[in-house]
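Labels run A, B and C following the written order; every chain starts at residue 1.
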Amino acid sequence: MNLEIEAISVAGPTRPILDRVSLTLRPGELVGLVGPNGAGKSTLLRVAVGVQKQDAGRVLLDGRPISRMSGRQRARALAYLPQDRRIEWPLTSRSVVTLGRYPHHNGFSPPAESSMRAVDKAMHAVDADVLADRNVTVLSGGERTRVLLARALAVEAPLLLADEPVAGLDPYHQLHVMEILRDTARLGTGVLAVLHDLSLAMRYPDRLVLLCEGEVIADGPPRDVLTRRNLEQVYRISAVHGMVGDLDYLLPWSRLT
Amino acid sequence: MVRAWSYPSLLAGLSLATLLAFACSLLVGPSGIGLGELIAVLRSGETSTVSLILWEIRLPRALLGTLIGASLALSGASLQGYLRNPLAEPGIIGVSNASALGAVIAIYTGLSLRYPLTLPLFAIAASLIAVLILQSLAHAGRSLTLILAGVAISSLCGALTSLALSLSPNPFASLEIVFWLLGSITDRSMTHLWLMLPFTVVGWSLLALSARPLDALSLGAETAISLGIDMSRLRWLVTLGTAGSVGAATAVSGVIGFVGLVVPHLLRPLVGYQPSRLLPASALGGAALLLTADVLVRVIATQSELRLGVVTALIGVPFFFYLVTRSKTAYIS
Amino acid sequence: MDAADPIAIRGASTARAARLSSISMVARIAGVALLATASLSAFAASPPQRIVSMNVCTDQLVWRIARRSRIASLSFIAADPRTSAIAHEIGELHLNHGIAEEVLSLNPDLIVTGAFGFRPTVAVLRRLGYAVVELPMAEQLTDVIASIAHLGEVLQEPSRAEALTRHFEQELGRLTYGGDGPRPLFVNYDANGWTTGQTGLLADIVHRAGLSTSGDRLGFESSNRISVETLLLLAPDLVDLGYAWDDPPALASEQHRHPAVRAVLQHTPKIDIPDSAWLCGGPHSLDALEQLRGAREALVESRQEPRW
């Protein structure tokens, strides 16, 4: 299933938050959405999922506008991991992940076998099996993010949109989550993730989309997007670029004033 | 935290408690009719004063206690799930006091004497208006503002109720503020039950439909929307369900507080914090609690009637303090 | 009436006291006489010309005893037909609300009120030097006689008072049931479930009519509230469901519309005793006694076999 974002515009108080942004997400690819703070990345994801309404433009799933789909159809096609990681009640991890099956459930009947397997699979994918019966309030940041990611994976949607999936995580968990996202994409899901870490952005995604002040500056393989020029003009930094084997790394080095 | 009880056995236990309380409610009364006499009446099936007391006074009272207690707790659980705030209950957000205002206007203008249906309808209309004002004031997202707005509406409606009663030419009206603000189901009849029943059933149905969406809401509004929840529909379900069931209940019994607050709190850990499971459990728990309180009202005999709302507050507030101090970290995410 | 000798008045009242037999009666008279003495000391020799009554019970007695021309004002409740037996008689008379300012502006030479009058008002009036007479509430019908007597002196209308007293005593003797026969149960069920006990003016009237009260049956002295259940189980022989208070309504009289009440009491004889008859003791209280006595006789006759 393809996600097509066509010329989305969202007005803001002083300048547009998004200005005719277009983006395509295809199955099997991991696309990184990058850009400085305030570029509109989270807003774009919210519009794509249907949480926020755009002022112009369309979002299409395989050519069908999401505005014409029912909430359920949309939910089965698009899984979303929001930036807000709050969980209101002290639920068990398993209960949280099971919530991801909501779009597939009908009424009050008990969950089907396939649902339970999906939940198990999702928890296994994020390595959270041992956390299953633990209360989410006692989990560490990394554990909680993985549980919430499992919740999104449990939807078994062809598309996954993740807003800052590695925010606040230590290096171990950052790498872990990125690996999970890459593996998920390999298995056929289209993944769009908002990333701040330039090294991670260079290493894992197949493609990057660079946003600045609501506009798409570049869209292509990481090397072609995180060029020195773009880093200077968009991020206003200079960075050190290197390679380990055939993998690139990028270290932000100094601010440009 | 491990769930101590399984869900079916919890529901069974609560149902049993409700049945017991219902039976006690039928057995207790100011006229001291014994169990033997009541059984004899049931057996013989003929009409006598005792049988009339049982069917026309005690039975409606027990049924009303069940329906009202269930409505209060059910709507409390739903509101707490929707607002994601453990302090939410129909009393605090102003629905109960608004309903009382509507009912008072229907009764003391003489309207309900001519058209009995105006009693529940006015109460429900008033609580709907209160909820609509609440929503426009508080934009549902920030629950502190919502609670504050609810308190404001609650106070305003209480004051207007008092004003309406003191303006009535009927000499007894101004004294009846006590009934309206503290609640009672003494000496109500089956008529009140029939007036209330359709709106209660509709209200419950709407709240029941909100159960599963509330589960998804545990992860926040954005995740819920991404899971396919129509937030606007959910808001209407919770709003209309609360206004309908609590409005009809308050029209008959006056404002009864704390049931909607304490029962969901008490039961939430026992259902694994899952909102959809909390709703049926709360309904049963609320019925059991209110029936028990109503039995206590009759057992603790005082010269002037001990009000139901006083008993629920005396039971509810200490529990509430206990819960708050014991689980200080429970709701920090 | 011409100026009467205060000593002659006192002498007449002592003689009247001696005529009455029961000891408690003497005690009551003595109490009233003390009050009379206290208030008489503030009087001028001529009869009061501007009488103000601030209490509905004293209103009705003053109306009967004093000349119309000497009454300056009665309380506003005197015009309420539910509570006052003279409501339709008083016509265009000034009605006061028992507030000191209002009363003062009437320039009274005598103020009459009930013993449970609003204390601050009474205190203010006394402090300003006005003559205030407080009549005790009638707890039984014989108290009425004492009150009429006392007022008769204070208002200086002894012959009118005496005529009233004589008529009252006669009627009382005629209407009081003195036999050993059955005493059917009369229950009055007022707003909010209030009913009469063993004592009090209404209880006295009911007893004299040859009936018994809720308080007799259930064992409480002063008026009490009973639930609908208790009312139904009492199975009264005669019931007074009180004024409907329906216009506009309140919750107070909802129990009268209760289906169970209607069902159980549908065959019970009903009687409607106006509140005015027993809220205040006065000559009009005899109407209630007559009504109840008549009802009793009808009940006893219609019974084939007594139930009690």
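Everything that follows uses one rule, which is that contacts are C-beta pairs under 8 Å (C-beta built on N, C-alpha and C of every residue); 3 or more make two chains touch, one makes a residue touch a chain.
On a predicted model such as this, the values are computed, not experimentally measured, just so you know.
Closest chain to the protein centre (all Cα atoms averaged), using per-chain Cα means: B.
The most distant chain from chain C is A, comparing centres defined as mean Cα coordinates.
In whole angstrom, the spacing between the mean C-alpha positions of chain A and chain C is 87.
Inter-chain centre distance (chain A to chain B, centres taken as mean C-alpha positions): 43 Å. Distance from the chain B centre to the chain C centre is 46 Å, each centre being the mean of its Cα atoms. Residue numbers of chain B whose C-beta contacts span two or more other chains: none are found. Touching two or more other chains at once is no residue of chain C.
Touching chain A in their complex are the following residues of chain B: 1-2, 84, 211-212, 215-223, 225-230, 268, 272-276, 329-333.
Within the complex, the chain A residues that touch chain B are 46, 49-51, 70-76, 78-80, 82, 84, 86-92, 95-96, 99-100, 102-103, 105, 107-108, 133, 135, 137, 148, 151, 155.
The residues of chain B lying in touch with chain C in their complex are 29-31, 33, 49-50, 52-53, 56-58, 107-110, 112-113, 168-173, 176, 179, 186-187, 189-191, 303-304. Against chain B, in their complex, chain C makes its touches with residues 191-192, 224-230, 232-233, 235, 245-255, 258-260, 263-264.
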